[in-house]
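To start, the structure itself, in structure tokens.
Order of writing sets the chain letters: A, B, C and D. Residues in each chain are counted from 1.
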Amino acid sequence: MIVAMKAGATEEQINHISDRIRGFGYTPHVIRGTERTVIAAVGPGDKKEHIEQLKSADGVENAFPILQPFKLVSTEVKKQRTIIRVGDVTIGDGGFVVMAGPCSVEGREQLMTTAEAVVKSGASILRGGAYKPRTSPYDFQGMAEEGLKLLAEAREKTGLRVITEVLDTEDVEVVAEYADILQVGARNMQNFALLKKLGEVRKPIMLKRGLAATIKEFLLSAEYIVTHGNPDVMLCERGIRTFETATRNTLDLASVPLLNELTHLPVIVDPSHGTGKRSLVRPLAKATVAIGADGLMTEVHPRPEEAWSDGPQSLLPEEFDKMMREIEPYIALRQSETN
Amino acid sequence: MIVAMKAGATEEQINHISDRIRGFGYTPHVIRGTERTVIAAVGPGDKKEHIEQLKSADGVENAFPILQPFKLVSTEVKKQRTIIRVGDVTIGDGGFVVMAGPCSVEGREQLMTTAEAVVKSGASILRGGAYKPRTSPYDFQGMAEEGLKLLAEAREKTGLRVITEVLDTEDVEVVAEYADILQVGARNMQNFALLKKLGEVRKPIMLKRGLAATIKEFLLSAEYIVTHGNPDVMLCERGIRTFETATRNTLDLASVPLLNELTHLPVIVDPSHGTGKRSLVRPLAKATVAIGADGLMTEVHPRPEEAWSDGPQSLLPEEFDKMMREIEPYIALRQSETN
Amino acid sequence: MIVAMKAGATEEQINHISDRIRGFGYTPHVIRGTERTVIAAVGPGDKKEHIEQLKSADGVENAFPILQPFKLVSTEVKKQRTIIRVGDVTIGDGGFVVMAGPCSVEGREQLMTTAEAVVKSGASILRGGAYKPRTSPYDFQGMAEEGLKLLAEAREKTGLRVITEVLDTEDVEVVAEYADILQVGARNMQNFALLKKLGEVRKPIMLKRGLAATIKEFLLSAEYIVTHGNPDVMLCERGIRTFETATRNTLDLASVPLLNELTHLPVIVDPSHGTGKRSLVRPLAKATVAIGADGLMTEVHPRPEEAWSDGPQSLLPEEFDKMMREIEPYIALRQSETN
Amino acid sequence: MIVAMKAGATEEQINHISDRIRGFGYTPHVIRGTERTVIAAVGPGDKKEHIEQLKSADGVENAFPILQPFKLVSTEVKKQRTIIRVGDVTIGDGGFVVMAGPCSVEGREQLMTTAEAVVKSGASILRGGAYKPRTSPYDFQGMAEEGLKLLAEAREKTGLRVITEVLDTEDVEVVAEYADILQVGARNMQNFALLKKLGEVRKPIMLKRGLAATIKEFLLSAEYIVTHGNPDVMLCERGIRTFETATRNTLDLASVPLLNELTHLPVIVDPSHGTGKRSLVRPLAKATVAIGADGLMTEVHPRPEEAWSDGPQSLLPEEFDKMMREIEPYIALRQSETN
């Protein structure tokens, strides 16, 4: 780590910091500039705790790390890309996987109709929320276990694998019983108790990026799951919150190649939540393929104008089918590139 | 609610929307402009579900509510301000309450030293984290129940009331056993499972504003707790995340008078997290009094450069004492205004 | 426009607002709800001035427009897409145009080497700044007219058309003399004096989106140029400022299909400024084609590590060539879609 | 500056960077860590140009400055606070100055009424826009020179000093002829041509913070004016753009004590633009005094509901008077603190 001393820092202060650095197990290198003294500390880890303590000391202007704070999820630590297998579906091997389904599970007919439509169009994973995180307590909160059972039934019927959100540590067990992939929603990306518990689950996790989460924080949340025992984590870019109100969120597509540099975990894109507008989903789906994501997740509803949540961003089954036809040649083109 | 039709919407579409609106139990009023038709729907509630469904229909450009989505926390529903009593401390009655203490409980000596210092300077509530939400899994995660016991011990010794954070539904019971006020951290502001559970607790809750939470979402999270049975909620402005990196967060002080218009709940300000810089805490404390908040929460540590977390924003006991002396005449001035 | 009255608004206030609305030339429709009265005003324009005045009146909670504030640039007013011709280059006709070159013109050798490289790889427009907007007064401010002359010389030699930035009303004339397209930088997107003057220029304008500009403001700035007489405006998405620091800006690729819905003006994407990282430019270039933009602008420098500005985001000529080879099949695929 | 090499950087790359650093006139210090090599460069300036060039080189992961990029405006370079004199008004000497008036000059009666009201209530500077930066070309653009003349007339009548905005280099001369202080609006904070020209003016400048400007950029824009010859610059915090829509902007009050640490220039706060809501102005005015600003600017209009711009945030003369009465004891309290 690097410690920048204030302009007028005294020798005593510089020595004190050097001593603290040694105390933490690093080797200090004092570099005296014309205006300022800088101390470089070489050692095992750039621990945030040490950095904060040094920052708090007299005479210090700033202290910052050189090393990245995430380890196990980093390409520096593990070069080999993580490939996640869910039944016969493979995520992260260079192919492109499509997850589709309604925002919320609302009933048997709605779910089965949607599941049958999306499997026919080529999706391999069915999404559908049984536990819903809703901004208002007056909004529909999900069908809970009944919804999970319907998802399992749809899996039976269609062969689709199932992804669904888990909201709370207390629900992890029951969700893990029914789902093939457990999803952590954006609002829970830093629910650390939940992340720790998911580290103990033997099913893959899809972690959605928080509304105000930096890439670094996103990776540290994945690190929580991996350090607690579960290496099968995929990341989902779903838009961040900015000043722009013309779209529901600002989809940060550049995060895909950036994450591909920083981590070996697969990256999925969710253009439905990323924009909140049905008409933008299809163009973004093409861009998602072109930019190198491992898959996409999109909301589909047989009657968006009767959906209990997220209707405005849900595709009709026929629009979803059109999207699948449109991205096909892009997937083929991408495959040809890597060969 | 208001439904704006697209420029070229057909009569059929307009009639269809009017029918849907009637179906939801509202009365539609069709207003035909030169360029666009607008339908105003009058009825019981402006439910988000209805708005989303209408938005999803053909021919609709946009649909938006007129009514505020929060009810029980709103000054429209309850004019009388909520006054929260914690032992002999009263919050929300026009007085000014100070909560102070270390970011994390690190051990007996650290906590007792701090508690004795802050009570002597005039604080009435002791803060200290026993369960710590940390961005990295490699950072100190808190002393858990052992930390809670130390807080209870400090209460015994000093007479201070105790506020501490609860991270997860599974910890609610144990935290409620020891704490006088349960705190929901910024990262959990939309942990709805936790909010629901806190609705069943018989102790006051302090809800911190999320890093990317709008005022409306903040109030809806409070509404969750109140609708689930607990009316004793206070709000805490602790800064939001913006593009500015010179401070840790951007403290939105204007939210204080705005919340005072919208809600009857007390509002506390946390200038420590709001800025992340020790030197800014004292001037912000004065502004917090002047702007009309019900109290402030600030971090104090006997040796910030040895703190396991948040050292750079923690005041030394003597700085805290100075702050208390400085805000005293502002509190007195404010009192004289209301008389 | 819609005027929402406060919960307790009096009859007198409602009548007063209705009178004001009539005074502005609109027809008021008073709709009485159970909790609130809403007044819909139908008439010519939803002028911001009227909305603000109504908002300022007693008893009014909020007032907001239904109509979009931009007219001439809107697809509602002009369905036909704007096609811009610059010599033999056509922008906005469904093809894909590439603008490339150094951030700053630094000298003859640098510019000619770059120009020859990019034309060989297939670019059709040369970029290069002669007047540089720099955050610090101590940074290189550009070669001014000397730089313009070098750009003209490069055009002579290579046949490339030339785009360059104009910073100030006083420079419009000289820049228009040399350049084929005049660029308005992000920091000047709301320099209205400049926009007005560019309305009088007989050359196409490329308007870059401001760092904190909404799509609506972006289109209103284009509207300034068009209302002042120049219809040949293209828009450039170059990233917005958010809390994320891992990239220089957050490239809002969803703005491309959104703008394609709202306006008939061509849309260009700048992944160099959009990310600030060389390694992200190539994947984003593919996504830019896939999502339906009319072109892209990218920085190229023969020796980025000697560039006087923006080296970290500049491609080497060989990387640029690789990018051009990579996007070719995506362009071909896109063409085949529209046929 | 500090250069962090990539994990696998070669000896050759490290040597190359050391040579480049020497070439720029700095002395390199190579520090070899267990995972990474860092090179500290000591020398005259941490020039952005050098940092960007090093960042662009092979084997480099990142390069960043230690020194602040602003000089003349910095408290490190000039300890003594800048005191600005405008007639008999002094800004920056520890007192508190109030600037008030309408958003736009709309006519003689409107301006004179307002001027007479605000001088009576204790304002010392009259604000009023004659050249208006408006988001839409269809909004009122200001009375131009006619408006300036009315401002001068109001100065004659009331003894108030006059501040007004200048939008463009071409208007600097005429505005400087009439105004006592020239204001640079938020949208022009990085209009560098304008800043340079204002460096040549012999009148004080008030520079408003840009909507997306960091504190560092804000100070660098002030540095432009000062390096070009005009030391009389005051800064104005007027809110930044964030995701929050309940207020027009997010007023960053913490910037006041932060700027007081970093620069010797006076700091003014504008709660009218900072919030966009009349009802929030008075509480924020008190906070502005308490936090240590040198003054505040607020919009006042005799009939906000007839104002051509910014009515919703304008105070009525009687509200302004009330505000002045309310802040008086806070100003007195602050004075007593420094004695």
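Here is the rule we go by: a contact is a pair of C-beta atoms (placed from the backbone, for glycine too) under 8 Å apart; a residue touches a chain by one contact, two chains touch by 3 or more.
A quick note: this is a predicted structure, and the numbers were derived from the prediction, not measured.
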Next on the checklist: According to the touch definition, list the chains common to the neighbour sets of chain A and chain C.
Outcome noted: B, D
Checklist entry - Measuring centre to centre, with centres taken as mean CA positions, what chain is farthest from chain C? => result B
Checklist entry - What is the distance in Å between the mean C-alpha positions of chain C and chain D? => result 26
Next on the checklist: Please tell me the distance, in whole Å, between the geometric centres of chain B and chain C computed from their C-alpha atoms.
Outcome noted: 38
Checklist entry - What is the distance in Å between the mean C-alpha positions of chain B and chain D? => result 30
Checklist outcome for this item: Multi-chain contacts in chain B, i.e. residues touching at least two other chains, fall at 212, 241-243, 245
Next on the checklist: Touching residues of chain D toward chain C in the complex: what are they?
Outcome noted: 20, 47-49, 52-58, 69-71, 133-141, 167-171, 187-188, 190-194, 210-212, 217, 220, 223-224, 227-228, 241, 278, 304-312, 314
Checklist outcome for this item: The chain B residues in contact with chain D across the complex are 212, 214-216, 240, 242-247, 250-258, 261, 271, 274-275, 277, 279-280, 283-284, 286-292, 326, 329-330, 333, 336-337
Item to check | Interfacial residue positions of chain C with respect to chain B in the complex | outcome: 2, 4, 7, 29, 31-36, 38, 40, 42-44, 66-67, 76, 241-243, 245
